[in-house]
Structures are given as structure tokens and as C-alpha cells.
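So, here come the structures, one by one.
The following pair of complexes shares a single chain, subunit A, combined with subunit B in the former and subunit C in the latter.
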Partner chain A sequence: MRLPQVIVWEADGWMARQLRELAAEHRWLLRPVRSAQRIHQLLSPPDVCAVCLIQFEPWADRREPLELIAQLHRSQPDVAVVAVSDVKLSEAERSAWTAALFDLGARYVLFPPLTRPVLEDLVSGLMLAVIRRTVGVDPALTSAASQPAGGLGHSSAAASDHKDDHEPIDLVDEDEP
Partner chain B sequence: MISLAAVVQQWPALDSRRCTACGLCVTICPTRCLSATPWGPWLARPLDCLACAACISICPQQALYWRSIPPESPEDESSGRTE
Partner chain C sequence: MAETGEGKRGRPAGRPGLSWRSFFQQTTRPLFVLSATRRLRYVNAAWEALTGQPAEQVRGLVCSRRRHSTALAAALAPTPEALAGRPDRVRRPAPQTRPGTVWWDVSFLPLPAPEGFYGWLGSIDVIGEKAAPVVRKLPVFLAELRARHNQQFQWDWLEGDDIQLELWLTQLRQAAGTEVPLWLIGPTGSGKETTARIVHAASSRRHGAFVAVDCMGLQPYLIESLLFAPGNVLEGGHTGTLYLKSPQVLPRDLQQRLAELCHSRSVSVRWMAGSEQPPLELVQAGQLLPELATALAVWPVPLPPLAARWSCLHRWLELWGNPLGVDEAALAVLQSWPWPRNLRELRQVLREASQHAAGQPLRREHLPLTLRLHAEHASAPTEVTLPSLDTVLQTVEKQMIQLALRLCRHNQTAAAERLGILRNRLLRRMEALGLTASNTQ
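On to the complex of A and B.
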């Protein structure tokens, strides 16, 4: 059965901590993982519905994150993969790495400054798009209809509360800490 | 609300070949974590799942079953990354 998952593969747990509230608010599963094998295990069923954040280290002698991004793009094209680096690079290097990671299959590439609003907006936007594509339903209406407390059915007031979910992501306007 | 399904790492899984999209599982779910689609249910709010098995019990087609996800073992930590 499809279920929304946010999978985070990182070194220090920082991204998972930033996304904990967002996942709890939407009642999504947040899965910090420690290995590429675990990501394959979580995404093994055919009906996956996930956003996967993978930390990579530019210029480091570690090919595993890059190989994983390429493998996920081939085997699970519906999974939205975000490549994240906490290494500060020059603008030219950022452009080169972004182009390379797009070629490998990343949906987004993030470099510092990494802020919580950016991560939350990006993950929520990607997840709602993944749900629309894989499940074929409008997540706003679905969540409004499936609130544990309150009335049954599709409430227009509840649906309008999720209007912001459909707003396009504009990372340029995010404030830096 | 504590997600018991997350604690026990068990989630209802769907055999789409058997499912007739009758919607009984969605109706019976006490936390309404399941949502209906034209092709069958999906677990829209997994953190609300209590692993109560009501959906599995009521399915007339036995299209729902438990799927366990084993916890991540230390041996999986091949990359040296930690949580």
C-alpha cells in the first residue's frame, strides 16, 4: 500500500531534525537511514511514494551517494530525490555539481545556506507532487477528508486551509537565519 | 498520538490484484489514516495508524495483509554514516 515517506540519508541527523515537525504535521513517515541498502529496502515495494534526501560531499572520494541517486532514478523514477551538500562551494562549482546531479537524476540540489524553511517548503512541495503523481489524488482534499477528529467528507473550509500547499516553491524569497 | 504501526514497524499492505476498491477498510479505520482512491485504499496518514488490523479483518477479499519492515541493523552502516 502506498504510504508517504520522507527518507533522509545524512551524516549528522540535522536534516531529519529540521523535518520532524513537518512530517508530524502531515502525519508522514520520517525515516532517517544510515545506508544505501536501507533505502533500497524501504523503497522495494512497487507502490512507493517517497521523497528521499541524500547528503553528498563534493570532491570527496565517496561515490556511494552519487551512485544511489543514479540507481533511484533508474529503478524508482517516481521517487523525488534531493541531493544536499553542507559544503560551501564557489558559484561555478555549484553550477557544475548541480548540472551533474540533475543528469544523474536528482530532482533538486541544495547547497548552503541550508535553512529549515527551505527544507520544509521543498519537501512538502515535492511530497504533494509525488502523491498527486503516484496516488492520483489531491493531497489537500485527502487530508481534509481523513482528519481523525471532525466531520466526514470534504470540507471546503478544511480544504481551503491547505491552499498554501499548492503555492509554488520559491526558494529565492526564503529568509536566511 | 503515538503511531503503534511505527513502533512495531508493521503496516497494512495491499494486494491490488484482489482489491475491489469497495472502501470498507477506509470506512472501518478508527483513525481514518486510510484514504480511498478509484483503484483502492492508500495509507495517507501513516503516523496515525494504530496497527489495529481492523482494515485487514474487514476486507472481504483478503486483499490486505501485514508488511513488516525490519529495523536497520548496525551491519547496514556500511558507509559509516550515523543517524
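On to the complex of A and C.
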């Protein structure tokens, strides 16, 4: 198993900044990305544990985030996807959007007010559940959830050999244009 | 009104009788009086009860609909018709409520005077019914995307040649034709949520959303916000099926609220739940509230084990990346593995193997080494020829005597003491085992 990843696709880097400490504390990789293609790359290994936060804009004609949520649910059902919007909606609209995004496969939908404690609670809870389901062990029972566990015929030595993998990466996006 | 020369307690100077203030004070109709300058001069007790504002605090409030006006001032502002001196009535959103929930019908009765204008007598009627909120429709492409996404959840995903599977499918098809709460039982990774989605897609609720709530991964307050807060996912009838994953992990008070919600007639949704253990066991273990079990576990359906579902393999391969199938050797390897994490584990293995296969049918060498080794051990002959016990005991005895003699520099008396036997017995055993002074050195 590779190190668990928190993948954040957003416009301004705000969510990644809020989650930096949480990721460092649990030794999870924080991956701010700028494209759906990069998310597919990061999730291409078969036994990856990940929580993916995707910012969407209701009413804007931007289909890519919504299509990505559906694609991830189809191809990576174990990856927990959280849809996040910073647009304030009426209650009725919020209800309609929440139902639609859950239907596409999102595990949770967040609307303003967005606060750091809520983001941290959401990501940590979902990540532990993903690890429990994907690896088959309770992360609370292991010393560190991020320690590589034995997979099906896949050597975990590769992960432990790369010390860089244990370091939460800097928030500067690696696929910066 | 005070400026118009009235006496104390609202009685005009020099005029005996009932004070207008006490007269207004006793009515249950919310009343207010505005001066000619649109300042609030008087409100009665019913008005105070309706708005929650004491008269002392609002007296003098200028009631206009300017940009900086408060919601209360805007609600009480005279209409242009009333400003022109004619009675009028207008419907406005009530202040301090959520938009679109409660409305006021505000009536204005102008109070003209011989020289000038006293002001307005106003009254409020509360409109009880909820006004329909202005909701923009969701984009068309989102509806198309949802329809496309939900098309993949079909019965053929579960179909196979096995009789046990057929019986199970029949049960699920019947469940899809009803509104009865369904409880799916199966180990982790056995496809409970996918099965629930397929049942939802075949039910009359398929036009609503399928909402899966991960009770294990979400904090209870996030679930409360999702299901009970204003603007929750159950409002507006957008949700068709609500699926609770492992509801037994929720705190008991939240379980109680969910049980009450299940029985509530205000919520129109199909309930489903899933867990590893049967709900009855969870109740007996004290994890699941009996009320919630009664509400949700009306139709418990156990999922068949993976071993009974190998006839679905070709369909799964299509879904998970290799529609060309799998050869017999690879199938034997797959079937020999116990799959402790069920379909989830099988999906991971097939995905990775399909990547190795690179467009070819799946062969044995594409599968992980662990699976192949396990299959080899499983297929190895199980008959092992054991040596006789006498042979083993004699070998051990011989080695111990030789060791004792070496340690004691071939002094037989000392070696016998070390072994805890008499010297004569040692000599007899040495003779029986063919040990001589020469071959022990």
C-alpha cells in the first residue's frame, strides 16, 4: 500500500492550506492539483487510499468537476470524494445540489460557511474509513495509518525505500503550468 | 399621536371614556401607529408578541424601504398608495425568518386631519402557508450526467448461472418492487452499496437521488447537518433512496432521531441500510437501537459469498478493465484465493492484472505472485509420508548420547550422569544403537 493521499482540486489553495497540518500530523500526502488528469494519474495505482476534495461552482457552466466525481465513483469507488462549493445557495438549492452530487457518488457535499475544523473532521474521518476498507485493518489499531502494509504480491519495500514519500509535500503544485 | 394634543394614556384631552391605547392593547390583532413622518409611535401587545420586539425599543423607528433600513422597518413602511392618503394592503416577507417561509399582509389606514395628516394605523395578518421559494433548476447537463452514471447499475451486474445467485436475485427484484426498508448483510467489500444502488435503479424511486451516508467515516454532527439541518438532503423530495452504511456505529441519540425520522410521514424516501452482521445480532450486542432496527431491518437480505458468484466474473472483468476474459489457469488461481476482502480485493487484483495484460486476455502470469504461490500450495499433493516414530526416537537418542559423550570427553560414567541414567543402561543403549567407542569419537 502506498501512503494515503489527500488530493485537493481547487482554484485558490485555501483548502490545501487548511489541511496542511492535519496531513503532516497523520503523515498523509497532501496533493494540491490543477487538473482532472493529474487526479487520475495519482489514483492510478490499484491499492491507493485517498480522499479527494473537488471544488465545484453551482450554476457555472463548468462540467469538469462534476464529470470527475462521476468518473471517480465508477472507476475508484473506494476513493472518498468530497464536493466543496464556496457559493452561498438558498436552502432549497443546497438540498437539490447535495442530492445530485451524492447521486454522482460524492461522499459529502460542503457549502459555506467553510471552516477548518469541519474540513479536518471530514477528511480525517473519511480517510480512516477508506484505510479500514481498502487495507482491511483498523488504522486506530496500528501505530501509524500511513505505514505501508502488505498488499497482494506488491512489495512494500518500494514505499519505505523512498524517504521523500514520507514527507508531506510542499503546497506548490507539481504540475504548475 | 402625542403631538396631536392627546391626553395621558391615549385619551384626548378633556374627553372622558375608554383610552384608545387600552382598547388596542387588548385586541389579538397586531396593530401599530405611524406618525406623519413615518416614525413608529405605538405598537400593541399582539404586535410585540408577533415581532418579539418590546415597544420601548422600537418606538421612534423610521419605517421606510431605504437601503439601510432594517427588515422590520421595511416590512412596516407605508406603500405609495398609503402615502397618497388611500387605504392599502401589501404582502411582505416577515422579518427575522428564513426567506420565503412566513409572509405578512400589512394593511395601512391613513388618518387624515382637518389641517394636515396624523399618520397611519397599521395592522398585520400573518400568512401561514409557506410561499414557494424561488429555486433555479439544476443544469440540464447535470441531469444527463446523472442518468448516464446511473445506467451502469443494472441487474446484469449481479446475474450469474448459480442457483443460489438466482434465488438471491429474485429476492432483490421483489424488494425493488416495494417501498419496504431493506437491510443488506455481508462482509466488508462484498458489494452491499452497489447492490443497494442497483435495487434503487430498478425501483420506482429511481428518478430521485441515491444518497449513501457513510456512518463510519462521517462525524455524527456532519450526518445531523446532512439529514436534519435546514436545507438538508431530504428536503424538496430530491432524494429517492437513503442508504445508511453501518448505522450501528452512530451514537444512540442519533440512532433514535433516525428511527423517528423513518416513521415520520413528512419524509418521503426509501430507506436502506447495510452492515457486516445481521441487525438482530447488532441489537443483542447493544450496538444498534431496537427502534432503529425495527424501522430499517424490515427485509434483511444476506449477500452471497464471493465463492458463489464466480459465474459473474466475466461481467466484472468487463467493468474492471478487461473484456477479453480470463484463461483457465488464471481462473484456477483466482478461485483458490480466499478473498478476505471480497469483491473490493478482487477488483484491485483484476484492475492491476488487466494493466499487465495490456489488451490481452488475462493469463496466470498477469496475476500477483502471492496468489500464484497460494494456488501452487493449494494444488500440491496433500499426502505426506511420515517417518515411523521409532526411527525418529532412535535418531534423537543416538544424537543425544553422542553429544553427552563428546561433552564429557568420552567418560561413560559422566555421560550417563549428564543424561540422568545409570552407566549400565547407557552401555546397553549404545550397543543397541550400534555406538562404539570408535564411532563416537
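Observations, loosely collected:
We adopt the following convention: the second predicted complex is superposed on the first by the 142 of 177 C-alpha atoms of A that agree within 3 Å, B and C clash if a C-alpha of one lies under 4 Å from a C-alpha of the other, contacts with A are read in each partner's own complex, and residues count from 1 in each chain.
Heads up, the rule we're going with is that contacts are C-beta pairs under 8 Å (C-beta built on N, C-alpha and C of every residue); 3 or more make two chains touch, one makes a residue touch a chain.
Please read all numbers here as calculations on a predicted model, not as lab measurements.
When both complexes are overlaid on chain A, the residue A:R34 reaches subunit B alone and has no touch with subunit C. In the superposition on chain A, A:A24 makes contact with subunit B only, not with subunit C.
By the touch criterion stated above, A:D47 is placed in contact with subunit B and with subunit C alike. After overlaying the two complexes on the shared chain, residue contacts for A:E10 are found with subunit B alone; subunit C is out of touch. Applying the stated touch rule to the two superposed structures, the overlap between the subunit B and subunit C interfaces on subunit A comprises residues 47, 136.
Within the complex formed with subunit C, the residues of subunit A that make contact are 46-47, 59, 61, 63, 66-67, 70, 73-74, 77-78, 80, 89-100, 102-105, 107-108, 118, 121-122, 125-126, 128-130, 132-134, 136, 152-154. Within the complex, the subunit C residues that touch subunit A are 98-100, 133-136, 138-139, 141-142, 145-146, 148-150, 152, 188-189, 193-194, 208-212, 214, 216-219, 221-222, 226, 230-236, 238-239, 340-341, 344-345, 348-349, 351-352, 355, 368-372. Subunit B makes touch with subunit A in their complex at residues 1, 6, 11-14, 16, 31-35, 37-39, 41-48, 64, 67, 69-70, 72, 76-79, 81-83. Within the complex, the subunit A residues that touch subunit B are 1-5, 9-13, 16, 23-24, 26-29, 32-38, 41-42, 45, 47, 49, 55, 62, 64, 135-137, 139, 142-143, 145-148.
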